[in-house]
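Questions regarding the structure given below will be posed in turn.
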Amino acid sequence: MEQIAQQFFNLDIMKASFPMLMEGLKITFLLVLVVVPLGLMGGLVAAIASGAKSRWIRWPAYAFVDFFRSMPPLVLLIAVYAGLPFAGIRLDPFAAVALAFLLNNSAYYGEVYRAGIEAVSPGQTEAARSTGLSAPQTMAYVVLPQAVRNVLPDLVSNTVEVVKLTSLASVVSLSEMVYQADMARSVTYNASPIVLAAGVYLVLLWPVVRLISRHGRKIAS
Amino acid sequence: MTLPILELAGLRKSFGELEILTGIDLKVTKGELAFVIGPSGSGKSTMLRCCNLLERPTSGAVMLEGRNIAASGVRLDPVRRRIGMVFQSFNLYPHLDALGNVSLALRKSLKLPRAEAAERAAAALERVGLAERARHHPAQLSGGQQQRVAIARAMALEPAVMLFDEPTSALDPELVGEVLAVMRELREAGMTMVVVSHEMRFAREAADRVIFMDQGAIVEQGTAEEIFGAPKSSRLQAFLARQAA
Amino acid sequence: MDFSDAFLNATVLQKYAPSILSGVWVTLYLSAIIVVAGTALGLILACIRACGWKAVNFVIIVYADILRALPPLVLILIAYFGLPGVGVLWSSNLVLFIVLTLILAAFAEEIFWAGITSVGKGQWEASRSTGLGFAQTLFWVVLPQGVRMGLPPLTNRAIAVTKMTALGSVIGVPDILNQATTAQSFSGNASPLTLAALAYVALFLPFVLLARWLETRFAWKRT
């Protein structure tokens, strides 16, 4: 028991590593602020393309989404970070993470949007078009607002996944929170800094996770 | 007088503060069709659900073939096999076909071998006129057919008494007849039945006794002629007037 | 530099294909046992939750919440670097298996639970009224419907979690990614990464397509 407290919940070590973690948390926030909007926009493009009338647009969109849903995010990240330099493109860690996440998140957000769009009844489009709205206007003012409402819980839940995934940036030496925690861990030979990082994630994400669960139940009943 | 198959004695049921059943006494004898009417919210469903202990009475006795099944310590599953129930909303299992719906309890509760259960289920479906629909899933059946499968499901267990809670209320008018026809045949075959329904025509021709409930109590009972022809209480008169309108 | 020479170098591919193939087996068998164990554990937890014991349910909910809120990498690092300090010496494969199984179980529990609660009260009542017991009703009536409801999200989640086996490379699990990065640094060539990416797509694409197919045809016509 004593040993467990010492190894995982050492308050002195936590206190000492706390400033480092907060430095890292800033980068984590910055990543989230860049990566989530990019993913939301990329996903929108993917979703609209997947619903296109022309198969020359639709099929590549599906191929894009399914390819990146098949690819582990870390593999994608390493391919971008360590692979692209062989093509003469050298990205710093932050840009590499942003690019890899743009590809991965666009695929996932795209699937969420697509489900939402498909749940809007065709009558809505017909009604909008019959009032003289153009196809893009119909999408923007009639279909998308309803689609987003339909899948809001899924969008939130996917965003939780994105926030969790920013921890992968530590693998390419971007000094976000997990990177900082792991540095502290390797210096102190103690897991407490990472447990502290876990605590920070819990504080940030647990309320959202709870909210999603509660909401899901409301729909079910 | 013959021993009642089902008897409710001093039955009370409260949900929280609210007393929904305020002391029900009712005897149903073998082969009898007891027809229960009353305004919505008067406690008809609650009374039926107390009969097979889907709701546990707050106090009072539910006697099935002379035994108080509301007493503590009674094993309910065997008792419930003796009491068939048919719901307003059918409640068929959507993942099973008609035969599967009817045979599930035969196999898993009565523990019949698969072949025997299937045989008995097929016979029950035959009796409700759906032998050739045995392999259809509920989604492929009309409302009337679904309710007949639900009746077969309850009947196949050869219960001592069957409870019907507004069996035709969820049906389109043109589908009501086929369900009532099946119920009529059941009665002719000697099944003991308690039926909550608004089908007054059916009550007139098939009910041995009509029971009027209001505000959680039995207000008046008698033959169909007595209840519909010469209602005594003002509440029953008002109820019938509303029904007619 | 020649593009195909950097990304599809035949000599490099030939040389490192066997080690990457060995990584494929590691990824494959870890994924398989994680899916089986995680789904089973999640199903068991959801069934226990259906029994409605308050204290037990509280523990299950807290467990599921925590494992869904934490990044897998964080849990892997805590387990891998923390446990030896308290005398638990697990191999990196075992750490990865246990952490990802627990994570998948947390998500699976929530998915199965949502499925169970989505089955209407009428189904329970109809079943109980024919003399089937609580466990029989859960097993024969409610779970078949609830599990079917949960199949598409479960497939998606199982894919997401098993793809996380790539995180094992951080703690030395000899999976596809680990083999590929090693080969890449030895050969000074990106071809092993190309091969790894293709291997992952070949492994997971069928399941992504399966999930898509399940989504289009899972819904019961409600009666």
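The letters A, B and C name the chains in turn, as written, and every chain counts its residues from 1.
The definition used in the following text is that a residue touches a chain if its C-beta (ideal position, glycine included) is under 8 Å from a C-beta of that chain, and two chains touch if they have at least 3 such contacts.
Everything quoted here is computed from the prediction, not taken from an experiment.
Taking the mean of each chain's C-alpha atoms, the chain whose centre lies closest to the overall C-alpha mean is C. When every chain is reduced to the mean of its CA atoms, the largest separation from chain C belongs to B.
When C-beta pairs in contact are tallied for each pair of chains, A-C comes out on top.
A straight line joining the Cα centres of chain B and chain C is 47 Å long. Distance from the chain A centre to the chain B centre is 54 Å, each centre being the mean of its Cα atoms.
Centre-to-centre, using mean CA coordinates, chain A is 18 Å away from chain C.
Of all residues in chain A, those touching chain C in their complex are 3-4, 6-8, 66-67, 69-76, 78-79, 82-83, 86-88, 115, 160-161, 164-168, 170-171, 178, 181-182, 185, 189-191, 194-195, 197-198, 201-202, 205-206, 208-210, 213, 216-217, 220-221. Contacts from chain C toward chain B in the complex involve residues 120, 122-123, 125-133, 136, 140-141, 144-145, 148, 220-223. Chain C contributes residues 1, 3, 6-7, 65-66, 68-75, 77-78, 81-82, 85-87, 110, 114, 117-118, 159-160, 163-167, 169-170, 176-177, 181, 184, 189-190, 193-194, 196-197, 200-201, 203-205, 207-209, 212, 215 to its touches with chain A in the complex. Those residues of chain B that touch chain C in the shared complex are 49, 52, 54, 76-81, 83-85, 87, 89-95, 104-105, 108-110, 138-139, 146, 150, 153-154, 157.
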